[in-house]
Every structure is written in C-alpha cells, then in structure tokens.
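In the two complexes that follow, chain A is the common piece, with chain B as its partner first and chain C second.
Presenting the complex of A and B:
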C-alpha cells in the first residue's frame, strides 16, 4: 500500500521516462508464460513496414497470409477486413479475461466498452433519437441490456461507476445544453474510475499506466484546443503526472514554445516532435504516433517482470494497438493514400 | 415559301409588317444571345478555379477522415459522430440574368462542428471536420455558379435556336412569299393591261 501511496503522489520529475511497473506475482506464472509464447506471433515492425510500402491493398493483404489476420483469397473487400479485425480483437479480449486471475482487472478493461456504449446511449437519449441496438458486446453490461435500461431510464440496473457517469453526463449536458459536455463528463468519470480501481487493486503498474494515459490525453487535448482556437480550459482530465496549470499555460503560448514547456517532463520528445510535425503538416498523426510509442515503451518495460498481471495487460494493449495499425495500413492502402503518410503514422 | 397564301395586296402589306417584326426580333434575340454568352463565359471562368479548390479541399477532408477512422476504435467513431451538433440551413433566392431566373444560395450555420470529447477520438477527426466546415463556403458558391451556368446554357441554346430559325427559315420564307405575291400581282397587272389593250383594238376595229 505504501508503494501505491508513493506512486499516487509521484510527480512528472520523479521518474526518468516511464513510471515503475511494480513487483512480481507468482500466481500469474502460467499466464505470463503463455503471453510470452504468443507474443512471438505478433506482427514484427518489418512486416508492418513492408505492408506500408506495398504497391496496393492486395499486396499489403498478401503479407498477412501467414498471420492470424489472413484474408480469404479472391473476393477481398474492406468489410471483410473490418470483420476479421473485430473478431481478432474479441478473441484477444477473451484470452485476456481467461488469463486474468484477478477478475476486477478484467472488469476494469471491459468497462472501456461500457463507457463507449454509454456515450452513444446518452447522446441518443438526450437528443431524442432512437436508442438502437448497435452497441458493443465486449463490455460488462450486455448490449441488449443497454436499450432496456435507457428506454426505462432505470439506471439502477447498471454498475455503480456507470450510474455515476450517467448522472454527471446528464447534469453536464443540461447545464450548458452542449452535447460535448456529455463526453467530457464521461471521460472524466472514466479516468477517475480507472485510477480509483488501480488504487483499490493496489496495482502500481495500472496506476502508472492510467496516469500516463491521462497525461498523453491531456497533451493531445491541449494541442487540439489550440488548433481549434477553443477557449475551453476545463476539459483536461485530472489525476495525471503533469500539472493542469502547465497544460493551461500551453494554450496561451505559441507552438514554438510548447516543446520547451514540457522539457522537464518525460513527454518532451512526444510533444516536441508532435508539435513540429503539426506546424509543418497541419496534422496530428505524428503526435498520436508518438503518444502511442510512449505508451508502448512503457508497456515494454513489463519485460522485466517474470510473472505478474503486468505482462498480460501489456499484451492486451499491444495487441489492440497492432490491430489498429493493421486497420490503418489496410485502410490507407485501400484508399490509395501516400506511403509517406502511412510511414509517418508508423513512426521512424 | 408559305403555302396556301393569298396573293393579294392586303397579304403583301401584312407580310411586310411580319418581316419587319421578325427582323427586329432577330436583332433583339441576337443581342440577348451575345449577352448570355458573355455572362456564361464569365461564370465558367469563375467555376474552373473554384471547382479545383473545392475538389482539393474535399479530397483532403476525406483523406483525413479516413485516417481518423482507421486510428480510432469503431465504437468510438460511432459514438463521436452519432449525434452531430452543427445545424445547417440553406436559403434560396432568385436573381434575374437576361430574364433567366438563377438561384442565389445563402447558408446559415449554427453550433460547433466538433461534437465529441477528446479522450477517445483522434485529432485527425478535428482537422477533417474543420476542413469540411471551411470547404462549405466554396462548396455552396460552386453549387450556385454551376446551377447558374446550367440555366444560362439552356437559355443560350434556346435563344440560339430561335435566332437561327428567324435568320434561316422565317425571314427568308417571308421574303420569298413577298417576292411570290409581288410577282403574282405584277402578272395580274400585266394580264389586265393586255386585256384592256385587246378590248381597245376590238372597239377600234
């Protein structure tokens, strides 16, 4: 618990690049061994680069024939790609839930889909649109239950964290009559819920992961607000390592000074290269790639853990990232986008 | 030549009036045709760079949107764009160019185009939507100009056909008929003179 208390209070300067990943848990020896074995089947960077440099969609898809993403020969279309990627994502999440001994951790990661479903359901309810049944089924709450709960407005059937999110989202919407307030409220509740769960589970790794994520989200938000010339200053998530004051100050200064503002933080590289790319290309691709790279770097530090939930969680997140990358490359190839753009998304 | 025409002086006078009217109509329609052509060329010159600009903007928007969609989870994309907040209304009024009613479009937009939170969405989506918002002005101007050009082109075609009909069919036909009636009347006049001379000869004899 002391570790957790220390970790909770850590500032951005208390570690060099990545926060600590915590200790080992020998209960996860089998799960970690299994993850280490299947990790070797993940697509290598060389394959992704070859896909990016492929002549067309067909050639890029051919490079996946020996992998779990193999597309059937003949009538290859993008709907099929989407279906395969969704199936792979569901399979990875199921494997993760099977390997996790601590059910609350599996619940915590399933809650991401609950929050996504809730965003959709609340938006539809408040704008008096049909609720629909097109919700994700990978969450803690079944997709068909969503329609029923929101139609009857009987939120007591939902878990506590979702009830809280519904309450805050509805209140935020009616205060300003602005649909974006729903998302801001749900994002905030989701971040708080993640941190609270990590503390309850006494997981140094999860706490570090969620705080890093909050920081990266806040950095992206800051630059997006600057780009949109928005005056909203209360949309930053709390609980990260970076002080909100620094982020708010970033909104007032020029792009050339933003990198220097984060010089004493672990995110200097992320911000500096992201901002430079944005200034020259008016695109957030590099910033998002750098944020993903930073998070992947942190997840890779779990290699030092012989047994524990950390490698399993890291595998889930890296696998999800891999699925997103495959989707990105195939989408880009299908739409005949330039190779340089795809390489920018993949990083150097 | 006009068929079944009565070769009378009355008819000749009427035809001469019709020729004068047709010539005046031809001159006016020719002027209208020239003015519509001038306006059409002016609009076409504006359309060409405008279309290029709009196509480039829309292409860029689509490219960004595709990248955003590819980097986001499908559920997040759906949640972000399910309920748009930007409201768009188009008011159509009509102006007259050479008696052709051409539309004038005025847009009314309210609300923010970015209608989602930042945590689960890609920055590329912001770039795509803001680019689309900027493209709206040019897009509406292009729609207005292209519609104007189409209406003027139809009117030009009709006017040109009328001018050609007057120039190559109506006026020559009238002239021919006038010539025919004139010839007929002259013939009748000569006939009459000959008859009178013959009668005079008979009386003298």
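Presenting the complex of A and C:
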C-alpha cells in the first residue's frame, strides 16, 4: 500500500497528536530555505502579547514599527492598518505562488478565495441583496468575472468544483429556507474538493492537513449545534479522522461528558478546554483558539522536513494566521475591548 | 591495449565518475538551499560557503584514486603503459570500487546534511558550525575510509608490473 493510501485510511486513533507530514522533495530545497530565512521575521508571541496588553490602539500599533507591518510616520488610523495587512497578505500569497513548483498546489490554495467569494455572492443573490464589488482578487477566478457570472446567472463559466458548490448551496437553501445551509453546503463541497485534490497530488501532508481541518470544523459544528439545541445531524463534513458517530453522540450527552468522548483522540485537549471555557463563560473563544493552536502545532511539525512543499505551505498558513492575529488585536484595541478578552483569544 | 589495462582504466573511470556525480548532486542540493537563504540574508555567505563546498571533497577523492591508477600504469611516464594481466586488472577495478560507491552515496547524503545545516544556520547562526559543519564532517569520514581502502589496495595490495 502506498503512503497516500495508508494516510487516507488512518483513523483518529492511529497517531498521537498530529498526522504524518510525508517525505522530502529536494526540488523544493531553494523554496524551503527561503521560507526558513523569512520565518525569522515573523512576530514573536511576546510582541503579540505586548500588543494585547498595550494601553490603546496607538500603543499597540507602535509595537509594530520594527516589523513589516509598520505604519507610515505619523499615521495611526485603522484604515491604514487594514491596507497594510491586505498588502502583506497579497505579498505572502504571491511569494507562495512563486515558490510553489507544483502549480496545482498553488491553484488549490487560491481556490479558498473562490469559495469565499462564492459564499458571499450566493448569500447576496439568494437574499436578494446587491451583488457588490468587494470580492477577493486572489482566487483562480477573477473578481470581475465573478460579478459577471452571478449577474447573468451563467454558472457554466465557472470551474467544475464551483458549479457543483453553487448547485448544492442553492438546493440546500431552498430545501430549508435557512441561510446557514449555504455555508454547510459550500463547506462540504470545499472539503470534498480539497481531499480529492490532495489524493490526486499524492500529498500525505495536504491530506493530513485537510482531514485535520475537517475534524476541527466538525468539533466546532458539534458544539454550536449543541448550544443551539439543534437536531441537524447531517451537517458534519465527511472525510476527517473522527467518526461521525462520535460527533453525533456528542450532541446527545451533557457538556461534562463531551471531553471524555474525545479522550482517546488527538483532539482531547482542544475539546476539553474549549468546553470548560464555554460552560463557564458561554463563549466559543477558547475553542476557536484551541482549534487554531492545534492546526498551528501540526504546521510546526513540518520543521522536520529539510526540503519539500510542506514548509512552504505551512509558512503561508502561519503567516496568514499572523496577519489575522494582528488584525484581531488592533481591531479589538480600536474598539477598546477588554485586554483579558484579547488574551483569551491568543491563548496562554 | 590489453584486457588487464582496460579493466584497470574502467576502475579508474568509475572512481572519478561516481564520486564526481555524488559531489555534483550533493553540492547541487546544498547550493540550492544556500541560495534560498542568501536571497533573504546575503550576510550569511561565509557560513553557507563552507557547507556548500563540503560535498565537493568526494569528487576530489575519486579523482585522486583515478590519478593514482594512472600513475601506477605509467600513463605520464616514458616507456608507455606496461602489460597488465587480467587478474591484476580485476584487482585494480575492485580497488577503485570503495571510493566510487562511498564517494557517490556519502556526497549525496552530505549534501542533504549540509542543506539541513544551512536551514538551521538561517534561524540560529551560532549553531552553523557546531551542528551544520560537524555533522557534515561525520558523513565525510566514510568517504575518507573508502578512499583509504582504495589507496591501501592500490599501493600495497597489488603487484604492479615495472614499465
């Protein structure tokens, strides 16, 4: 049995914390080395914590002066920050596309923006709101083409995976007249598309990454459904390591038993601390933070790879996460949110 | 040219060729990693240089073994190449194999170790010598052992004919 087939058959109990990341590919020696050099410029946890503990937005922004997110002299407004963060995100995605020798991998990661654009367009179309022009231009389908397709409702211009997503999302919405069904349907198509691509590319790492993400999404969905006391059991994504039966069982038991249900799985810590925080604070903040941390932990295991696409992909995802964290802290500071709340988002 | 000399020359050729291929691959791997780091941190050139050239030594060892065979065959001396029995020809060929194979494999693996060292030096320059170079030298030891065996056999294990 080859690596990819073995990986596809792994269950939640077949590895300790993180799934395998696959082998080396010496064609990526240059790309990996460049990424390792750039990684040293990433913001340390200490800087992020200092930003969270800063008195106000201006003080938090000042801590970024020595970094690539530095604001122009004298400028301290949030719009400026947004622009810089968008520029950094575009730059990191461009670098990723340049370094990625396997074009299908770059295409796969660009598809994330296609799905995000589509989610927005379908929501607006079905709720009869103006289509707008604020679509991301980082996807495989250009933003202008997107508007044109949805205005003319000519979906045949879209790639196959998107046509499928449009069909499933529209059908799911009209079956229950519930806007959340659009998200569930698109999440499902996106997860299937990711897994299918990872198998086609025979990438053990991508398969592990997407299966882990499916598990984390399912765990979040389970706790949200539980909180809403919803009886929808068909919304869990398939293809993860955790069996759907376990997730459905989680809906029927008390919060105190949910952690134990995941005891033998790699997600015990995530679920246990997420549920405990939810019970005492009625907030999913900790769960979200723990899910992010688990995924980051998996991405960090690519350190053992000297050359391969894995460290490059990990860099893209960790850098995007860093940009999101900077935005989160500065938004919170701009809105004068409590420091404790921000620190909870960042984790201990 | 007789059969024995042909076998000896195949041995010399293999030693230079295989160790040379290994070195080229090893330097290629380490070089690509080094350029990746240098594209962001050009000030690390000195540290990177040592680790890039280390896998090149096996190519020299192979060349040295081949040169020794040619010297023993009186390639560059007056009087021409002496006749060599088939048995001695096989002995020379066998003598060249340790450096040929040890050179090929160790250079490739040394290149990979150096690439790892280069990546580490990108993040922790103080460890570049301690881990990067020292670990690479440990791989080098086996190429040196291969060369020593080749040289011992060529110098002491074979009764060369006098020209």
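The definition used in the following text is that the second predicted complex is superposed on the first by the 345 of 348 C-alpha atoms of A that agree within 3 Å, B and C clash if a C-alpha of one lies under 4 Å from a C-alpha of the other, contacts with A are read in each partner's own complex, and residues count from 1 in each chain.
Simple rule for what comes next: a residue touches a chain if its C-beta (ideal position, glycine included) is under 8 Å from a C-beta of that chain, and two chains touch if they have at least 3 such contacts.
Source: prediction; values computed, not measured.
The superposed arrangement places chain B and chain C next to each other on chain A without a clash. Draw one line from the C-alpha centre of chain A to that of chain B and another to that of chain C; the angle between them is 160°, to the nearest 10.
Contacts of A:194 after superposition: neither chain B nor chain C is touched.
By the touch criterion defined above, A:307 lies against chain C but remains apart from chain B after alignment on the C-alpha atoms of chain A.
Once the two complexes are overlaid on the shared chain, A:32 sits against chain C while remaining clear of chain B.
After overlaying the two complexes on the shared chain, residue contacts for A:40 are found with chain C alone; chain B is out of touch. Chain A is touched at more residues by one of its partners, and among chain B and chain C that partner is B. Measuring only between alpha carbons, the smallest separation of chain B from chain C in this overlay is 29 Å. Judged by the document's definition of touching, no chain A residue lies at the interface with chain B and also at the interface with chain C. Contact residues of chain B toward chain A in the complex are 62-64, 66-67, 69-71, 73-76, 78-80, 82-83, 85, 112, 114-120, 122-124, 126-127, 130. On the chain C side of its complex with chain A, the touching residues are 29, 32-37, 39-41, 112, 115-116, 118-119, 122-123.
Chain A meets chain B in the complex at residues 82, 86, 113, 116-117, 119-120, 123-124, 127, 129, 134-136, 178-180, 182-184, 186-187, 190-191, 217, 220-221, 223-224, 227-228, 235, 237, 282-285, 287-288, 324, 327-328, 331-332, 335, 337, 341, 345. In the complex of the two chains, the chain A residues touching chain C come out as 26, 29-40, 306-307.
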